[in-house]
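Two complexes are shown next, each including chain A; its partner changes from chain B in the first to chain C in the second.
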Partner chain A sequence: MEMNQPIGQTPLDGRPDGLVGRPVDRIDGRLKVTGLAPYAYETQALRNPAYGFIVEARIARGGIRSIDTAAARLAPGVIHVMTHENVPAQGERREQVWPQLQGTEIRFFGQPVAFVVAETFEQARAAAALVAVQYDAQPPKASLKDALGEAYKPKPAQTDPDSQAGDFEGAFGAAPVQLDVTYTTPPQVHAQMEPHATIAAWDGDKVVLQTANQMLNRGQKSLAGLLGLPPENVRLVSRYIGGGFGSKLQVQPEGVLAVLAAKAIGRPVKVAMTRQQEFHCASHRTGTIQRVRLGADRDGRLSALAHESWSDATPGDQFFETSANVTRSLYAAPHRLTRHRIANLNVPVTSAMRAPGEAVGQLAFECAMDELAEQLGIDPIELRVRNEPAEDPEKKVPFTVRQLVPCMREGARLFGWDKRGDAGSRREGRFMLGMGMSAAARLNPLMPSAARVRLGPDGYLTVRMAMTDIGTGTYTILAQIAGEMMGLPVERIRVEIGDTAYPMAAGSGGSFGAGSAGSALYVACDNLRQALLKAGDLRPDDAVFADGAVRAGNRTVTLAELAGRDGMEAAGEIKPGSLKERYSHYSFGAHFAEVAVDADTGEVRLRRMLGVFTGGRILNAKTARSQAIGGMIFGVGAALMEDGVLDPRYGSFVNRDLAEYHVPAHADVPEIEAVFLPERDDKANPLKSKGLGELGICGAGAALANAVYNATCVRVRDYPLTLDKLLPGLEEREGRVQRRS
Partner chain B sequence: MKAFTYERPDSVAAAASLAAERPNARLIAGGTNLLDLMKLQIETPTTLIDVNRLPLDQVADTPEGGLRVGALVRNADLAAHPRVRKEYGVLAKALLAGASGQLRNKATTAGNLLQRTRCYYFYDTSKPCNKRAPGSGCAAIGGYNRIMAVLGASESCIATNPSDMNVALRALDATVETADAGGGARTIPIAAFHRLPGDTPEIETALRPGEIITAVSLPKPVPGIHLYRKVRDRASYAFATVSVAAIVAKGDGGRPSAARLAFGGLAHKPWRDETAERILVETGSADAAADRVLAGARGYGSNDFKIPLARRTLRAVMDEAAHA
Partner chain C sequence: MAAGAASFGWPGHPSAAPAPDDPAPQMLPLRLTVNGRGHDLRLDSRTTLLDALREHIGLTGTKKGCDHGQCGACTVLVEGRRINSCLTLAAMHEGDAVTTVEGLAKGEALHPIQAAFIAHDGFQCGYCTPGQICSAVGMLAEARAGWPSHVTADIAGTAALSDAEIRERMSGNLCRCSAYPNIVAAIRDAAGSDL
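Moving on to the complex of A and B:
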């Protein structure tokens, strides 16, 4: 199926009590909480694996003068030490998958310089410390701020780095009310629970990877390219994944090294990154510098808006954080400009992290909107309502469905937004209290995906696709979709995913997983329905699939009977069509946060938070809520604590463990609620659903930052909002108050 | 992690002889810090002496009316001990402010006393660090030093002691009891137990090689309001930016008649200045006390905020005491 027109009535529409949408418990939940779900590193299928350990560069820029592996090779248990001197030939880089151990040049701290393989993990790690590398070190370039002068326009990725409409500079200059502010966001790491891990095993010229990967077909393609093999010779298996957040969108160095070493020693090789290696060896989200300019009339109607973003990339790469992309579609203004620039620094690989672009873009832009509202004395919701566009302001096409205003209105009602006072006006003992809000928007793409279903003679349906479940609930929603389409309970659906041996699927990323894979499955089930009706010679127009049987006319036939002795199969496929360009596809929402700021110490603690979202048809009320809340907690971290500190002298992360790189702990997460407004998006996909995996983070942190301002009258434009950044503003304000009294 | 020999003695004497005989031996109890350090090869013991079988896990009353806390008493158990909760509130509060529930269940009293700094550069073997590799330099000076010391630091080292418990023990004037292989025993006042870095930051305590901590003794309870205020970047599982342990007795008109103040997060050891306590009692002014405590304070860039923060936190604590 190609999405060339709205989907119209579907079998899912007639069943408000159907499986789809119900808060069904995760079908893999029990396996996971009892420790029985094997993650990549725990896969037992491969006998007698050897263990690999990555040796990382200890400088950020320069060259390897010499590398002495003698001591490592003689260490107990060591089987093989791979360096640039003996690494097998590899092909060109594919996307952000680099050939490993190439030559002597060091481009970033943590770049793998050797790979030690031994009988046990401990032996490999101990021997890795014996690899003696002499470097010719040069001072690294590792500060984005210092490199702004040489920032350049990157090659277009999915979108052009620049956009403009009208005459921004002229309109901004002429605007009666102007705001020109610069926000910065720090590097962030994904901090997913399961580290990157791979077990690679060769069989002749075919290799199988048990690996932690979000997009298996993409990984298969890039790895096959790198190894010079046809894609079908490379199989990736990821049955269970302990979080990815974008860090597993592509094969990371540990996967490439495991494959090469396994070939070299003729034995499976098993490797997992340590938490410290995750910071340097795997990718992270770049820091950004973002300038936002808003020109408006005194009623808050925007005449001009500009959003410019600078980010950094590892040498030779042009990945850029698309911070300003969402700004192109969010608010009306005739004169507009967005711009992305990058500087190449000696930093580890920067890449996608949950809601690349929106997550940090809205940290800046949604606070700028709050600043403008404050400057004008207009309620922040009202300001956004006044700038609600009738159509996508840059693409000049209608939105599929846009319920931003209803989200804000409903959120205001549920949260008690009318109790928000003027900035700095609410106090409770030693705490200053404040409320803030933010809009949320996230692109809703549809990606090509395929699925195969097979109804067995036992009346069980098997679903197969190379889809992944990264902890989001994919297993469960797929079972619900197939169950409702076929009239089978979840218990009679076997979901088999996480293997490139199955039909190609979109994978998990970019909020497209559920919609794309779910739609392919929908199409496959629809095809199976037709085939079954035909086999049973049943009239399609009034056929009802329910309770394991089909009722049509006055006949009822069980699915097992229709499947016959050999069972019956069907395939399905979904592709984006012309609707992709004819409409603007976004999920929307609104965040509300209340914070307490300790007036003595500047500590910020979240009191409560609410998100009101639209995600088209909700596929599972429970997993959708978990996704939304998880995203909001990411926003709490981004606003208040997440801070990957790069020491510019060394080009390395200083706080490279989870004791010092702070993500919210339980005590930081009070009452958080997520509400979904009813919606069907018939232009998105046949499920009429929208992506939810990233919407929860978009704007979430800005709501907190705006609440901090409302509590304190102090605007910090440098994330995260830690107490050391608030204290000077608090002291200054106390000084002013004292002088007045 | 480097290979090591593992021993598990069941008496203090056996442990002490092992510690004396084996070169480069380390004791392990909860292992919440040591194992991390071993994985990163910051600690590379050749012998690991597991002391968990030593009979040092009791809390007992002392004839003087105080408490003797065995070296192996877990942080969680100590915080939950009825007398600690009732009569040594500052200690219970400090313990519960530390780490996470899981870590407190493993971590021991002696282990907490000996936990090592969280200085980022100490944990990164690719960087100079005089504490880890004496003579190599200090990357924290001139680097990112948000969590580093503002008091008592040296040109060699600006690391802090990260413990919450130690701050409370300093306010309580605890003593550390030790044993050695020769059958000797010592008591070391907490004030003399932790050291300032000077030019030997690798030497962190007054313990002699092979000496084993057997207990921590608390003098009889100090009357007054017991407070522990930990200022931190997240609500749980974060080390203190600044912390204040305070025991304040109130006299006429609610003014402090006696006070003990110890600070965490500011120095290489829990910081206490008895003169500042006298000033506080004489003047009733937290600011005057803070002036004294912070007179020699020096920031290194990203930790400059600790100096005003320490003052503000002390003010807040005294305010809380006044209203308690």
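Moving on to the complex of A and C:
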């Protein structure tokens, strides 16, 4: 199926008691709570794997003068030490998969310089410390701020780095009310709980990777290209994945190194990155500098808006954080400008992290909107309502469905927004209290996917696709979709995913997973329904698939009977079509946060938070809510604590572990709720659903930052909002208050 | 340039050579009792309890998230008390009763905490989950024994297990999917049942 026209009535419609949407418990839940779900590094039954350990560069820029592996090679248990001097040949970089141990040049701190393979983990780790590398080091470039002069326009990726409409400069200059502010966001790390891990095993010229990867088909293709093999010779298997958030969209260095070493020693090799290596050797989200300019009339109607973003990339790369992309679609204004620039720095590889673009873009833009509302004395929701566009303001096409205003209104009602006072007006003992809100918007793409289903003579349906579940609930929603389409309970659906041996699927990323993979499965099931009706000579008009049987006319036949002794198979696929360009595809929502700021210390504590979202048809009310809440808490981290501190002297992350890079912990997370407004998006996909994996983080941190301003009258434009940044403003304000009294 | 060049490298880089007085690692015979079953092992003396469970006994339910005691994914119960199994050597636990997530269910019947995690969706990717569950079991025993926490107002009294108490006591277990509200709901729910 190609999405060229809106979807009409489907078998999923008009079934209020249907499986889809119900808060079904995760079907992989039992395996996960009993510890029996095997993640990549835990795959058993491989013959005698050896253990690998990565040796990282200790400089960020320069070259390897010499590398002495003698001591490491002689260490107990060591089988092999791989360096640039003996690494097997590799092709060029493919997508974000980089060839490893290429030559002597060092581009970033933590770049792998050697790979030690030994009989045990302890031996490999000890021997890795014996690899003696001499460097010719040069001073690294590690500060984005210092490199702005050499920033350039990157190559267009999925979108053009620049956009404009009308005459921004002229309209901004003429606007009666102007705002010109610059926000900065620090490098952030995915910090998924399962480190990158791979077990690579060769059989002749074919290799299988048990690996932690979100997009298996892409990984297969890129890795095959790198190795000079046809894609069918490379198989990626990821049955269970301990979180990704973008860090596992590509095969990371540990995967490439394991494959090369396993080939060299003729034996499977397993390797996991250490948590410290995750910060340098795996990718992270770049820091950004973002300038937002808003020009409006005194009623808050925007005449001009501009959003410019600078980010950094490792040498040789042009990946850029698309911070301003969402700004192109969010608010009306006749005169507009967005611009992305990058500077190449000696920093570890940057990549997509949960809601690339929107997550940090809305940290800046949604706060700028709050600043404008404050300046005008208009309620922040009202300001947004006044700038609600009739169509996508830059693409000039309608939105599929856009319920931003209902989300804000419903959120205001549920949260008690009317209790929000003027900035700096609410106090409770030593705590200053404040409320803030933000809009949320996230692109809703559809990606090609395929699925195969097989109904066995036992009446069980097997679903196969190279889809992944990174915690999103894919296993469960696929079982629900197939179950409802075929009239089977989830207990009679076997979901087999996470293997490139199965039909190609979108994978998990960019909020496209459920909609894309789920739609392919929907089509496959629809095809199977037709085949079964034909086999049973049943009239399709009034056929109902329910309770393991088909009722048509006055006949009822069980699926097992229709499947016959050999069972029956069907395939299905989904592709984006012309609707992709004819409409603007976004999920929307609104965040509300209440914070307490300690007047003495400047410490910010979140008190409560609410997100109201629209995601088209919700496929599982339980897992959808979990995902939205998880995204919101990711936003809490971005607003209040997450800060990858780059040491400009060495280009290394100072706080490269989970004790020093702070992510939200239990004690940071109070009452948080997420609700969904009813919606169907008939232009998105046949499920009429939208992606939810990233919507929760979009704007979440801005709602907190706006609440902090409402509590304190202090605007911090440098994330995260730690107490050291708030204190000067608090002291100044305290001084002013004292002087006045 | 060589002398100057060195200053761009990271100071404090661990010396390539082991310190002269480091004893050589030894292979130790060891009997570990895990989930009531004895395992006779011969382990490198550097092997952590975590790696012994995962790599030598084949119980991979206990997870390695940071290997430095910072994330809690490796939490197991030793003699009923929760510990980070990455921060302790296997050789220190001869004779101890170790319980891992695989040892909590009674046959087909899940431990109430496990069942509550499913019902309340107290996880997404599932990688921190065994640690959260073992930690919750250990934590509830501590609370029942009257141990106070950082948020306990009266440390001489018996703290009711409020949400704030659960959050504080569970803060050693990170969950990047951020299932925290659901984990708290699951523990609150299960705490009331007969553990």
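The criterion applied here is as follows: the second predicted complex is superposed on the first by the 741 of 741 C-alpha atoms of A that agree within 3 Å, B and C clash if a C-alpha of one lies under 4 Å from a C-alpha of the other, contacts with A are read in each partner's own complex, and residues count from 1 in each chain.
Operating definition for what follows: a residue touches a chain if its C-beta (ideal position, glycine included) is under 8 Å from a C-beta of that chain, and two chains touch if they have at least 3 such contacts.
This one's a predicted model, so the numbers in the text were calculated from it and none came from an experiment.
By the document's definition of touching, of the two partners only chain B reaches A:722; chain C does not. Contacts of A:265 after superposition: neither chain B nor chain C is touched.
The partner that reaches more residues of chain A, of the two candidates chain B and chain C, is C. In the superposition on chain A, contact is made by A:664 with both chain B and chain C. By the touch criterion defined above, A:472 lies against chain C but remains apart from chain B after alignment on the C-alpha atoms of chain A.
In the superposed pair of complexes, A:181 makes contact with neither chain B nor chain C. Contact with both chain B and chain C is seen for A:129 once the two complexes are overlaid on the shared chain.
With both structures placed on the common chain, the touch criterion links A:603 to chain B but leaves chain C unconnected. In the superposed model, A:531 makes contact with neither chain B nor chain C. When the shared chain is aligned, chain B comes close enough to touch A:655, but chain C does not. In the superposition on the C-alpha atoms of chain A, the part of chain A touched by chain B in one complex and by chain C in the other spans residues 58-59, 76, 109, 122, 126, 129, 274, 649-650, 652, 657, 659, 664-667. In the complex of the two chains, the chain A residues touching chain B come out as 58-59, 76, 109, 122, 125-126, 129, 274, 276, 430, 598, 600-603, 605, 640-641, 645, 647, 649-650, 652, 654-657, 659-660, 662, 664-668, 722-724, 727, 731. Against chain A, in their complex, chain C makes its touches with residues 1-2, 5-10, 13-14, 16-18, 25, 44, 46-47, 51, 54-55, 58-68, 70-71, 73, 100-102, 104-105, 110, 114-115, 117-119, 121, 123-130, 133, 166-168, 170-184. For chain B in complex with chain A, the touching residues are 1-3, 39-41, 100, 118, 120-121, 123-124, 126-127, 139, 142-144, 146-147, 231-239, 241-242, 302, 305, 308-309, 312-313, 315-316, 319. Here chain A touches chain C in the complex through residues 25-26, 28-39, 41-42, 44, 58-62, 71, 76, 109, 120-123, 126, 129-132, 135-140, 190-195, 240-245, 272, 274-275, 470-473, 622-623, 625-627, 629-634, 649-650, 652, 657-659, 663-667, 669, 671-672, going by the rule given at the top.
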